[in-house]
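Several structures are given next for inspection.
Note that chain A is present in both complexes that follow, paired respectively with chain B and with chain C.
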Partner chain A sequence: MQDEFNLLDMAEVPLHEWPVEQTLDNCIKCNICVTACPVAAVTDKFPGPKYEAPQAGRFRHDMQPTPDASVDYCSGCRVCNEVCPTGVRIAEINARARRQITKDSGIPLRNRLLGRNELLGKIGSYVPRLANFGLQNPLSRSMADMMFGIAKEAPLPTWSTKGTFWDWFKRTRAQRLKSEKKVVYFNGCATMYYEPFIGQAAVAVFEHNGYEVIVPPQKCCGLPMLSNGEFDAASEYHQYNVDHLHDYAAKGYDIIGTSTSCTLTLKEEAPELLHLTDERSHKLSYATWDIFEWLRERHEAGELKTDFRPLNMVLPYHAPCQYRAHRVGKPALDLLELIPGLDVRESTARCCGIAGTYGYKSEKYQIAMDVGAELFDFVKTQGSQVEMTACDSETCRWQLEHGTDLPSRHPIEYLAAAYGLYDLERRALLNE
Partner chain B sequence: MQSIQTEVLVIGGGATGTGVMRDLAMRGFKTILVEKRDLSHGTTGRYHGLLHSGGRYAVKDPDAARECIEENLILRRIAPHCIEDTGGFFVVTPWDDPAFGDTFMKGCQETGIPCEEISIAQMLKEEPLLNKEMARCFRVPDGSADSFLTSECNVASAKAYGGQMLNYHEVKRLIKEGDKVVGAVCYDLVNDRDVTIHADLVVNASGAWAGKIAGSIGIDVHIIPGKGTMVAIAHRVLNTVVNRCKMPSDGDIIVPVHTVAIIGTTDVKVEDPDQFAIQPWEVQLMLDEGEKLVPGTKQMRMLRAWAGVRPLYQETSVADTRDVTRAYTLLDHSARDGVDNFITITGGKWTTFRQMAEVVVDRVCEKLNTKRECRTHLEAIPDIQHEPRTAEGYYWLGSRLARTEKNKAYGELACECELVTRAEVEEAITKHEAKTFDDIRRDTRLGMGPCQGGFCSYRATGILHTVRQPSIEETNVALRDFLQERWKGLLPILWGPQLKQERLDELMYLHVMNVDHMPGETASRLGPQMYDKGTVETRPQSAKT
Partner chain C sequence: MNEITIIGAGMAGLMAGWQAAKQGKKVKIVAKGWGATHWLSGCIDIVGYYPVDGTEVVENPVAAVKQIITDNPQHPYGLVGLDDIEAMISALKDECAAAGYPLHGELHRNWLLPSAVGTLRPTCLAPEMMIAGDMRQNSPLLIVGFKQLMDFFPNVVSDNLNKQGITAAQAMVDLRVLRERSFINPVILAEMLEQPAVQKELANQIKPHLGQAERVGFPSVLGMDQAMTVKKELERLLGRPVFEIPSLTPSVPGMRLHHILTQAIVSAGGRIENGMEAIGAKKENGKVTAVYTSTAARPHPHRSQQYILATGGILGGGITTNSDGDVREVVFDLPVTAPLKQVDWFHQDFLDKRGHPIYQSGLSVNKQFQPLDDGGQPVYGNVFAIGTTLAHCEAIRERSFEGVALATGYALARQLGAT
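Showing the complex of A and B:
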């Protein structure tokens, strides 16, 4: 697979579209990324972004054995990309280097498991109660820790005991809104198997605003595999999604997701890391939206209903790291602030620590908790009246709950609640 | 005045001189090598970095081609740790005659250079950034070679056989008694004093400076220095040596050397090997030619430019004892000038240094009436570094990163760009007796990465001061010398990212540290010789090849 990029045109191309490795030449060694990286701040096992990307990058070569090891400790949070004054695409360079490691030394079973979020989801959902017992049971967790290196304390999700998101969507087909205005919903694995109520809240919000929701066949976006270095498998998944979604994209439908990481993968991660420059991937990439990015656009166009009821609560909100790569600011924050009575407190913590599947790994669990301490402390300092927190990304919410002992919700759940459609306590639609 | 006695005195610490030193020592001669600066300070440390397969000369100069391939194979055997086995391509670009490919192939066959034509698809698979419009591509066993390391290893080997090396000893003049050369008067730059070295025989291996040395006793060795300018791209855009498949000319090779890719060179006659400029047209030409091989070159970050001088020997004497079949010049001054015990060796290639040394030492044996066999091609040159090597013993691009990762030495880096640890800098100072930061650089690659000393110079300063404890003034001037030395090669390419880098470096050193006003001299005599200011924008007619 070879980059079709013509370097000659580089001056015309926005920096974020440069071939990843070429950007390492921009580095002026200022160390700003090093001072900002949350992982380098808590462990000596990780030398930091400047060392891993622009520096080590000069010693790497696709056709030679990889000299790397420590780059595995990069969580991929992208704080570095955001602060770098010269546009070095550090996190992406690191992702490719990690991929090279697995190419050389093979992928540990543990990482294969964590990469197969969807498969695990599916298996567990046949016998959710039993699976949940296994996941929450200290004995089996200790065994998983010893045998696979999955940290026994790590905040793994629980399977939905009320069926999958698709089960619900099919079951309620008759009640679903029909409309001229249509959107395509990309639910992602977490909504599918663990948190179907988030999809329900999203559907309710779309329909409340007059949109019919289409849920086409779809697979895992492939991100867990990409971040565990399994590029070939990720490529198959991505291809499936391109096959099933690109017709909608071609027709001009917006493809919207509630998981900031899935949408990022469709938009950018997969095409970029897998070097996909074909028309279909490109179309899909441009049609994909994060749900709050999309809702904010509607609001700015004056199309969003604002018949919100007050939600009287103090709400610490943490924007997930993926928003950095979306380059859309903090759209959920913009909309939550429209809800009367809601006292949103914006977290400026760099990262919750979990970074996808990073914090599940035994050797990284403590690092993830240390990174997250900044966020957990922030929540604590908001006072005892805080009952819940908010974050757009599923693994971050689970980590937040683990680190603060407070329940955490997706912003779409608050929005649905403010529309009077959703019960925040029970995590269920009101009319059901 | 201090006086030393030896059997053979070798002048010049480049590839040739260190090669001669090793060969002499191995054949049991008591040997001293003097070098006016540090090892590889001359052309050897400013060359293109190519271990020739001979392909470049296969058509134009078959004798040189044969020498290159012979030595290429020998060096791969005796000094793989000084070589990266990159392989080489000869490519026919849209600007070249495709038929030359056949001439080239034939030339390689006749001179014994292994050569195969490969498909453009295969070429692009190995080197995706190469111009997709190439017509043909040939593979030859070119390589990339570390000349600093080779000189160091040669000297280490010679020392093990009893040889002695004196750097920062500049030959002021030869000493002639009757019709014999009996030694040389040297100036010891570090201790600011003269040293006389008496020898039974003197080998002048001072490259482009050979005429100056011979001239000190009135012998006319007419050498015209030919300057060659090179530009380094800040990272390895290529991992294979890429040559244009045509008659050799300017800017037609890109060599990947360690972490950079070097475009070169020009060939311009200059008056003085110590005084010349890097002209804007030369830099422009390198970029233009580089662009033909790797589209986008002009947009990339240039790290640095530098120039080396080739010694072009012009025979003036009738009694020419030069071995005309060779691509180098060996002058035995007894037959040529009636002055005995004095030999000059100059020209050639880095690649052929061992063979040149062998020929010289054979002549030394003859003159000193003894018969001792050369063994430099049989015995491996010891590796003085502690880096991982490939199964064949070569170094590879990732060696240093692999070592840093294995030792978890990332917290110990003095030079972050080239991954040089504090311990290595200390070793350069204590064990290898570095006199200047530039010596540490040649020893370790400190300061050779994109920031060009920005973040390592002050660290190295601290280390030097702690280890050697000179006066504060001395430490300061050593730092200033090094900053000046790095600046030297940056001026010709100061635009884009490298300009940003230099602005940051300037803010750090001049504004924050106030380096210009710290106590001590502004510059020392061990400091760099700067290039003249480049003023010529367009290529002069006379410089066209």
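Showing the complex of A and C:
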């Protein structure tokens, strides 16, 4: 793809449409990314974004060994992209560089496991109590640490013991709203197997606003594989999703997700990293929304119900990195601020540290905790009246709970609670 | 809906956002990335050389600004006027003092501070961290560098100062904490220097080199949030004043100012969103009704009553050029004042004392900061432009970069706040 462009042509192409690798030419070595990088701030193993994407990038070639092994320590949080004043797509270039490493030296079993959260989710969901016992007891966790390099302290999720999200959706089919106005819900693996109540809260909010919810067949978005350098497998998953969601996109339905990283993958990560420029991927990207991005749009059009009951609490809110990478501002913050009584405190911490599967890895666990310290400290300084926190991304919520010992909820749970549909303590719909 | 959307988070955008939010306006700043704050020295230049040929150092910016306004009424200072420059300076000084990071200086008197290559640099406001480096008093200096910090060479500073008749010695320190690291950058070094043990080791290594030095200069890495504490502790340990010299990017003093301004904006109820590149606007009936930023999927509309363009000039990315000789403003496609033909962009001589015409290109605005069309009429009723995106000034050579950005941001915000 790079060959199609030459320097003269590029001047005519808006920056945001440049091919990813080409953007490294824009680096002016100002080091702003190095000062912003949360990983470089806590470990000497990662020199900072500038040294990887725009510098080592010049020496990267398919036929040669990777020039920067340290790029494996990039967590992929994308803070560098967010602060770069000249538009270098650093995080994407690094993701491709990590792929190069796996091509050179193979993918460790551990990374294959972490990349397959859907498969793990599915297996565990058959025997959730046993699986939870396996994942939460110190002996098996020590073994996993030694054998696979999965950190024994890391905050792994627990399987839902009340069935999957789809189990619930099928079971309650008769009660589901039918309407002319329809949305497609992309639930993602975490909602499917670990946190079906997030999907329930989302469905309740859609229906409260008069939308019928369609949940089509779908697979893992592929992001865990992309982050672990398994591009081929990720491509298969993405293709499945394109095949099953594309028709809805073509009909003009909005495809809405509650997991910020899944929606980011559908929108941009998968098409960009996998070089998918076909019309169908593009249409799907265009039709995909994060739930709060979509709800804010409804609100701006005056179509969102605002019959909120007061939620009297102080709520530290952290917009996850993957959400900021959507580049849509902070829509969850915009809407949570509408709820009476809710005193939302916005975190300015860069990253919680976990960065998807990064903080699960034994050699990176402590780095992830050191990165997250900024966020954990922010929560602590909000005072003892804080009982819960909020964050849009599942792995970040688990990390937040791990680092603060306070329960963390998805903003959609607070919105559903403010509509009087959801119990924040039990994490269940009120009518069930 | 926001009342004011500001595009750009450099000095101009941050100042306008802060002042407008402070007056109760609902403000959102959207920016492609972090701004010029991280590129600048952390000092506030008002005017350092006038005329811009670099031969005459300005001692009294008041007189120079008056002269600029007389010579060139279209200059951004001509739109702002001296009173608003004064008011901006006092607002900024108050905020920085309240944040425990005082700026010092007066509009009628420039400091003369050393640069990282040992030249003398006129500037109007300097952080307390830097003022002991003032070269209008001639007392011997020791300039200290860190062996692992490749951005600052103390011998270059001292040699050049000596050539100008200023007594300066140099020393290179080799701290244990730095020897243990593979990578070092100014921000990491600044945070390390906040540790008392590191301060002690630093002072102990410097003491044998003190000689006749009456003050000690460092690259600008003496602490991030705790800078003033670091300075005081080093002064206690060394028994004489210490000061910082701004060095290469990332600029730690610039970042300290950035923290103070962003904090002030958030405390006043404003919002700052990064990673959002403005790519176009929706225009209806002579007004802009939305500015679009690029996202991971569709362009995202920002609806607002008023829009302030603070995207910078060619360096900041607010104005682009191409090989056909087109000069464009990137968000609204506003008319740009620039030489019509590419051959007229530059003079023959690279270091021509008159400067190159292309660097004066930018937007022409009226006293309300509304960009004008070729007929001298405002292009859009609700679009304003500030900072180095404005034409008729050469901020870098004039050493007025921060002054033009902050003063236009301040003046516009006061205007909009009053309505």
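Everything below uses one rule, namely that the second predicted complex is superposed on the first by the 418 of 432 C-alpha atoms of A that agree within 3 Å, B and C clash if a C-alpha of one lies under 4 Å from a C-alpha of the other, contacts with A are read in each partner's own complex, and residues count from 1 in each chain.
Keep in mind that, in the parts below, contacts are C-beta pairs under 8 Å (C-beta built on N, C-alpha and C of every residue); 3 or more make two chains touch, one makes a residue touch a chain.
Everything numeric in this text was worked out from a predicted model, so none of it was measured.
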item	value
Clash or fit (per the criteria above) of chain B with chain C on chain A	clash
Touching partner for A:Asp44 - first (chain B), second (chain C), both, neither	both
Touching partner for A:Met225 - first (chain B), second (chain C), both, neither	neither
Which superposed partner A:Leu24 touches (first chain B, second chain C, both, neither)	first
Touching partner for A:Val83 - first (chain B), second (chain C), both, neither	second
Which superposed partner A:Glu300 touches (first chain B, second chain C, both, neither)	second
First, second, both or neither for A:Ile32, with chain B first and chain C second	second
Partner chain(s) touched by A:Val184 [first = chain B, second = chain C, both, neither]	neither
Which of chain B and chain C A:Gln64 touches, first, second, both or neither	first
First (chain B), second (chain C), both or neither touched by A:Val328	second
Of the stretches 79-87, 115-123 or 295-303 belonging to chain C, the one that collides with chain B	115-123
Residues on chain A lying within both footprints (that of chain B and that of chain C)	8, 11, 29-30, 44, 47, 51, 86
Interfacial residue positions of chain A with respect to chain B in the complex	2-3, 6-8, 10-11, 22, 24-30, 44, 47, 50-51, 54-61, 63-70, 86
Chain C partner contacts - residues on chain A that touch it in the complex	8, 11-12, 14-16, 29-32, 34-36, 40-41, 44-45, 47-48, 51, 81-87, 264, 267-268, 285-286, 288-289, 300, 324-330, 346, 348
Touching residues (chain side chain B, partner chain A) in the complex	124-126, 128-129, 234-236, 239, 259, 295-296, 299-301, 396-402, 405-406, 408, 410-411, 413, 416-417, 419, 449-451, 454-455, 497, 500-501, 504
Residue ranges of chain C touching chain A (in the complex, touch as defined)	1, 28, 30, 32-35, 38-39, 180-183, 185-188, 191, 248-250, 255, 266, 271, 273-277, 279, 293-298, 300, 303, 316-317, 320, 322-323
